[in-house]
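Each of the next two complexes has chain A plus one other chain: chain B in the first, chain C in the second.
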Partner chain A sequence: MTAIKVYRFDPDVDTEPHYDEWDLPVEPGRTVLDLLHEIHYFRDPTLSFRRSCRSAICGSCAMSMNGRTGLSCNTQAKPLLDRDGYLVVEPMKNLPVLKDLVSDMEPFWKAVYDVEPYLQPGKAPKGPYIVPKKRMDLLKIAQDCIMCGSCLSECTSREANPDYLGPAALAKAYRFVADDRDEASLDRLRQYSEANGIWDCDTCLYCNEVCPVHVKPMDAIMAMRERSIEAGIVSQGAKHAIAFYETVLRSGKLNEFATANKSLGLAGMASQASVAARVILRGKTPELRKKKIKGIADVQTLVELNERRKRKGAGR
Partner chain B sequence: MKYAYFPGCVGQDSCSELDTSTKLIAEELGIEIVELEDATCCGAGFMQDVDYDLSRVLNARTFAMAEKLGLDILTVCSTCQFNMDRANRELKDDPERLAEVNRMLAEIGLRYNGTVEIKHILWVLVNEVGLGNLRRRVKVDLSELNVASFYGCQLIRPGYLHGYDDPDRPEYFEKLIDALGARPVDYEGRKKCCGFPITFVNEDASMRMNAKNMIEAKEHGANVMATSCPLCHINLDMYQGRAEKASGRRIELPILHLPQLVGLAIGISPERLRMKRHLVSTKPVVERVKRKEEAAIPVRTT
Partner chain C sequence: MQRHDVLIVGGGLAGAHAARTAHLAGADVAIVSKLSPLRSHSVAAAGGINAALAEGDTWEGHAFDTIKGSDYLADQDSVEILTRAAPDAIVEMDHLGTPFSRDEQGKLFNRPFGGMRQARAYFAGDRTGLALMQTAWEQLVKEGITLYEEWAATSLIVEEGRFSGLVAYRVSNGALDEFQARACVICTGPGGQMYEKTTNAVTCTGDGLAMALRAGCALKDMEFVQFHPTSLHGPNILITEAARGEGGIMRNAKGERFMEKYSPKMLDLAPRDIVSRAITTEVLEGRAFPGGYVHLDLTHLGKDRIRERLPEVYQFSTEFADVDPGEKPIPIEPAQHYIMGGIATDNDGATNVPGVYAAGECACVSLHGANRLGGNALLECIVFGERAGQAAAAFARGKGQVAGGTTVLAAEDRRVDELMKAEGGESVERVRQDLKRVMWENVGVFRNEADMASAVEAVRALKRRYSNVSVGAREKKFNYALLEAMELRNLLDLSAPIALGALMRRESRGAHARTDHTARDDANWLKHTLAWQYGDRIEVTFEPVRITRWEPKERTY
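Up next, the complex of A and B:
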C-alpha cells in the first residue's frame, strides 16, 4: 500500500487548499487516473477531477503528477513511485483552480480564441482543394493537439507573464499559418508578432517536452518567427534576431556588442546604462569588433548556396 | 579523452572567464582539447529564427571539421549543446537531408558523414573523467558551499534529444557538486528558464523569472549558484541587479560557471579562474573555501 497525496480545494468550504492522503495498492500497469477513480468510487466521492475518454484522445484529464503535467490516463503510477518514493497529484499550473484537480480552462480557451483558430480561405474554392503532401507535412508539428493544456501548465514564459498567448494557442495559430488554403497568413503573422506573441517564447522547451501527443509548440513558434521575418514584419524580437544573424554572417561569430546596439537602438542602450557601467568596470565589455574567422569566405559561399536553394523553392 | 572543443561565442567574449577556466580544468583533469577556432556560431536559436536551414548547414560545417579530426565535440554551453545536437540529429536521421547539406559542403571542400557526437562538459566530467576520480583530485574543502545548480533549459529538455538526464529529475550537476565536496541544493528553479532569451524583448518578464529562481535557491539555503550555460550566466550575474530591482528583494547570490566550481575544488586559484570578473562579487565564495591542508591544522585552544 502506498500513500497517494492529492490536492484538495473546495471554494465553497475552504479558504486554503490542503492535501488528502489515501493508502492504495499501486500495482504495475495502474494509471494515476485508475487511482483517482478508486478514491472517487470507494473512498471519497467528493474528490473532483475531469476525465472522459480514458485513452489519451480527449485531453480532459491533464494534471500535475509528481510535478510534471501530463494526462493522468496514460501516466503509470508505479514508475513515478519507484523513481521518487512518493505520489503527489495536483491540478495544472498557470491556471486557476475551480475545485480539487479541476482547472479553470477559461484563460486557456481565451488565448486559443485570440489567435482566430479557424480557416480563413478568402474566396471559396471552385472544386476540391488538393494539398500537396510536402505542404501537409508542415502541419505535423501542430495538428495533433488535443487541447489538454499540459504545455501551458509548464510554460515558464506564461508563468512570468499571464498575458503571453502560450504554446497551445500559438501551435494552433501555426496550424493555420502553414495551411495552404488560408489566405490570412500574413495578417496572422502581424498579429502574432505583437507583444505577448511569438517573440515572447523563451525557448525553454517545456512544451515540446511534456506534450502527451508529441506536438512541438516551440518548433511551431520558431517556424512562425522565420516566416514573419521573411515577410518583413518588424518587431523587437525580429530586430534582435536579425541583428544577431547579421553579426554572425559578417565574422562567423556573434558580436554581442553590435547585436545589442542594433537590436535596442540608442534609447534601448541608454536603458541598459546601469548594467553597462558595471560591465565596463569589471572588464567584461564585449569586443567592439569581432575578428573574422579564417573560413569566413566559406561561410559566405554556404550562405549564397542556401539562398540559391531557397529561390528554387526548397523551404522548411 | 580527446575532444574537438567548441568554446561558443559568449564563452570567449563577455564570459571569457568560462573559456579560461575550461582550459585550466581540462589540462588538470587530462581532457585533451583541440579548439575549433574556425567554427561559426551555433546560432543560439536566433540564427535559426532568421534562417533555420542556413544555421543547420553552418553547424554541419563545424561537425565536418570535427569529423576530419576524428573527434567528438565538447561544448560548455547549454544553448550551443542543444542547437548543435538538434542539427546533428536532423542530419543523422534523414539521409536525404544529409546528402543535400553535403552537396553544399562539397563546394567548400568538406563532407560530413554523421559520425560526430556533441557532448557538454557536464556529461564528460561525470561519465568520462568520473566522479571517483574527481573526488580523489579535490584539494580544497568546499563543504561550506551550498551550491544551487542551474542547468539551462536546453541542456535537459527535450529528454528525447539528449538522453542523459531525466528532464524532470536531472542529477548530473548534483552528482558533480557532491563529488567536489560541496552540498547540492534541491530546488525547482534549477530546471527552469533564466529568462535570457527574452531579455531584449520583454525585460520585465525575463527579470521576474530570473529573480524567482535565484530567490528560491536562496530560500533553500544556497550561498552560491553554478551554471552550465554562459547565457544563463549573463542573466543571473550581469542582470542580477535588474532582477533585484524587479523583485524589490536583495539577492546577492554569486554565480559561478561550472568549470570555475570544478577548478576551485581541484586547487586552481580564484584569480586564475578569473572570478573577479563577475558583476556579483564572488568574495563570499572564496572566503568559504579553504585548502584541505590548512583545514587539517589542529587549532590550539587556550
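Up next, the complex of A and C:
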C-alpha cells in the first residue's frame, strides 16, 4: 500500500488548496487514472477529474504527476513511485483551476482559435489534392495533436507571458502553414510573427518532451521561424535572429550591442536603456568590440556546410 | 432557457457534420455536448474510412461487401446511398483539410480491411478518426457554430406529438436548463459501457439512445453488438484492424495460425464477428494463453514499418502492455466495440417522432445489419450526419416552436435532486460493475437461451437496485459521481432491449451467435427488431429488411 496525494481545491469554497491522501495498492500495470478511478468510485466520489477514452487519444485527462504534466491514462503509477518514492497528482500548470484536477481550458482554446485553425484553400481540384508523401509528411510533427494541454502546462514562455499563444496553438498553426493545400500560409506567417507568436518561444524544449502523442511543437515553431525569414517577413524576432546570426558568424561571439541595434533600431535601443544601465551597474558590461574567437574559421565552415545542405533541400 | 432552430446532441464526427450542414442550410444551430467535441469517441477510430475510389473499384463492390458483411440484414437501399456517396465524402474531407496518407506521387493511399475483397480503406496513419474529427471541428470553428460543451442532455421533450426541446445538465455548475428547438439530431455515439470488456470510452454510455427510447423512439436491432477481435488483453484498448490490414497474423498458444481453420480465404482479415468467435473458440477449447488471450504478431513487418504505418499500435503496445510489437507479439482478446443497432431512422435520419433525427453510431438506418465492416462507421458519420443535418434544417424551416417543456424540466429537477440527496443506498459503481458482468457473461460473443433469459431478469433486478443507489456527492460543480449515476440509468435502459432482442431472435446471424440456434434462419428471421418502451415494459415489433438487388446467400469467407 502506498500513499497517493491528490490536490483538492474549490476556489468558490476554499481559501487555498489542500492535499488529500489515500493508501492504495499500486500493482504493475495500473495507471494513475486507474488509481484516481478507485478513489472516486470507492473512497471519495467528490473527487473531480476529466477523463474519457483511457487510451491516450481524447486528450481529456492531462494533469501534473510528480511535477510533470502528461495524461493520467497512459502514465504507469509504479515506475513513478519507484523513481521518486512518492506520488502526487495535481492539476495542469498555467491554467486556472475550476475544481480539484479540472482545469479551465478556456484560455487554451482561445489561443487555438486565435491562429484561425482551419484550412484556407484556393480553388479545389476535382478529385483529391495531389500532395506528394514527402510534402504531406511535413505535417507529421504536428498533426496528431490531441489538444490535451500538457505542453501549455509546461511552457516556460507562457508562464512568463500569459498572452503568448503557446505550443499547442502554434503547432496547430504550423499544421496549416506546412500544408500545401493552404493558400494563406504567408498571411499566417505574418500573423504569427507578431507579438506573442513564434518569436516568443524561449526554446526550452519542454513541450516536445512532455507531449504524450509525440507531437513536436517546438520543432513546428522553429520551422515557422525559418519559413518566415525565408519569406522575408520583417518582424522584431526575425531581425533579432538575423542580427544574432551575423554577429556570431563574424566573431564567433554574440555582440549584444550590435544585435540590439539591428533588431530594435535606435528608438528601440533607447527603450532598453534602463536594462543596459542595470546590466552595467551589476558589473556585467559586455565588451563593445568583439575579438574573434580562436576557431572562427571552423564556425564559418560549419555554417557554410549547413547553408549548402539547406539549399539542396535537405532542411525542412 | 435557450432557443435555436436545430439542436445537435453530441459533437463527434456525425454531430459536427450534421451541425455544419444544417448551418450551411441556413438554420440557427447549436451543439449540446457532454464532452468538448475533440474529446468525442470518434477520435478513437483508427484504421480507415472506406470508399470505392481506386481505379477499377465500384460502389457496387463496396455495397456487396457491406451487405454480405451484415449477414444480409442491412437495408440495401441505405447501403447504396452510403457507398455511392463514399468517394465524394473522401474528396470533401480532403478538400477541407484531412491529412490523408499519400504515396510518393501524391495520390491517396489505401489498405485492405476485414471483409472487403478490395483495398478501399483510406487513412491518416492509424489515427484516421482523429484526423477526420480535427477537420470537422475546424469547420465548426470556422463557421462559428454555437457550442454548449460539457452539457449532458438528459431528456427529450415531445409535445403535441412533435419534438419541442430537451433538458440538459451542465457539468460545470450543476444547472439544469431547457433548450427549445424545432428539430434535433441525436449524435451521441456509442453506448458499450454496459459490457465488462469494451474498447469504448468511459463516457460512452448511450445517453442519446436511452433518451430517445424514453421519448418514444424505436430502437432497431439492438441485439447486434460487435465484439472487436483485437483489443489489448487486460485494458481492452483497441488495436486497430489496420494492424492485420498491414499484414499482422494471429496465433494461438500452440503457435498455430488458427484463422486458417475458420476463414480459409480471408484468414486474419475475415469480418470481425468471425474473427472474434474464432479467438473465443480457441480460448474455450484450451488453445489460448493462460488468462485467455492469443497473439497478434507484427514482428515480421519490422519496427520501421510499424512506426510509419501503425504508430498508435506501437504506442499502445509499449505503453499499456509493455510489449514492443517490433520484437514481440501483442496479447489480444475480443471486447465489445460497436453497437450495430440504434435509434431507428429512415435514409434522412428521421425517427418515428417528428422533429427527432439521429445519425452516427447511435442511429440504425440500417447500414451494418448484423455485423459492421471496419471502415464503414466513419463513413456513416459523414454521409448520414450530413443527410440528417440537411433534413433537420428543412424540417425546422417554416415550423413554429412547440412550447411546454416546463413539466419535463421540473421532473428532471426532482429526479436529480432525489438522486443527489439519497443516503445509505448502494454505490453506483457496484451496480454498474454487476451490469457489466451480466452483459459480458450472458449476452456476449456466444449466446444461449438460458443465459439470455437470466440476463433479462438480472437487468430488471439491477434496475430495482438502481432506484436505491446513493451518489455520495452533493456538490454542484463537476459532480461526476452524479453524472455517472445518470449515465448508469441510460446503460440499464439500453441493456434491457439488447438482452430481450437477443433472447427473442432464435437464429445466429452476424455478431449474434447462439449455441442453441447455430444457423441463420431467413424464413423466420430475415427481419429487423424494433424495441419500444412503455413505462417499465419493453415491447418488440418487427420490420422487413429492404432488399434491392442482392438476394441473401450463404455467408462464407
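Just so it is clear, the second predicted complex is superposed on the first by the 255 of 316 C-alpha atoms of A that agree within 3 Å, B and C clash if a C-alpha of one lies under 4 Å from a C-alpha of the other, contacts with A are read in each partner's own complex, and residues count from 1 in each chain.
The criterion applied here is as follows: a residue touches a chain if its C-beta (ideal position, glycine included) is under 8 Å from a C-beta of that chain, and two chains touch if they have at least 3 such contacts.
Not measured: the values here are computed from a predicted model.
**Q** Identify the partner contact of A:164: answer first if only chain B is touched, second if only chain C is, both if each is, neither if none is.
**A** Touch status of A:164: first partner only.
**Q** Looking at A:186 after the superposition, I want to know if it touches chain B, chain C, both of them or none. Which is it: first, second, both, neither?
**A** neither
**Q** Looking at A:274 after the superposition, I want to know if it touches chain B, chain C, both of them or none. Which is it: first, second, both, neither?
**A** In the superposition, A:274 contacts chain B only.
**Q** Touching A:66, do we find chain B (first), chain C (second), both, or neither?
**A** A:66: touches chain B, not chain C.
**Q** Going by the contact rule set out at the top, does A:51 touch chain B (first), chain C (second), both, or neither?
**A** second
**Q** Which partner does A:233 contact after superposing on A: first (chain B), second (chain C), both, neither?
**A** Touch status of A:233: no partner.
**Q** In the superposed arrangement, does A:132 touch chain B (first), chain C (second), both or neither?
**A** Only chain C; A:132 stays clear of chain B.
**Q** Which parts of chain A are in contact with chain B and also with chain C?
**A** Correct list for chain A: none, the interfaces share no residue.
**Q** Of all residues in chain A, which touch chain C in the complex?
**A** Spelled out, the residues of chain A in touch with chain C are 10, 12, 29, 40-42, 45-46, 48-60, 74, 76, 98-100, 102, 105, 113, 117-119, 121, 124, 127-136, 139, 143-144, 146-147, 175-176, 179, 181-182, 213-214.
**Q** Flag every residue of chain A that touches chain B in the complex, lowest number first.
**A** 66-68, 83-84, 156-157, 159-161, 164, 195, 199-206, 208-209, 222-223, 225-226, 229, 236-238, 240-242, 244-245, 248, 252-254, 256, 260, 263-264, 268, 274-275, 278-279, 282-287, 293-295, 298-299, 301-303, 305-306, 309-310, 316
**Q** Which residues, counting only chain C, touch chain A once they are in their complex?
**A** Going by the criterion above, the answer is residues 35-36, 38-41, 43-44, 90-91, 94-97, 99-108, 124-125, 127, 130-131, 134-135, 138-139, 141-142, 172, 201-203, 234-235, 237-238, 311-312, 315-316, 319-320, 427, 429, 471-473, 475, 477-481.
**Q** Which residues of chain B touch chain A once you look at their complex with the stated criterion?
**A** For chain B paired with chain A, touching residues are 9-10, 12-15, 37-41, 43-54, 57-58, 61, 82, 100, 104-105, 107-108, 110, 153-154, 157-159, 166-169, 188, 192-193, 195-198, 200-202, 204-206, 208-209, 212, 238-239, 241-242, 276-279.
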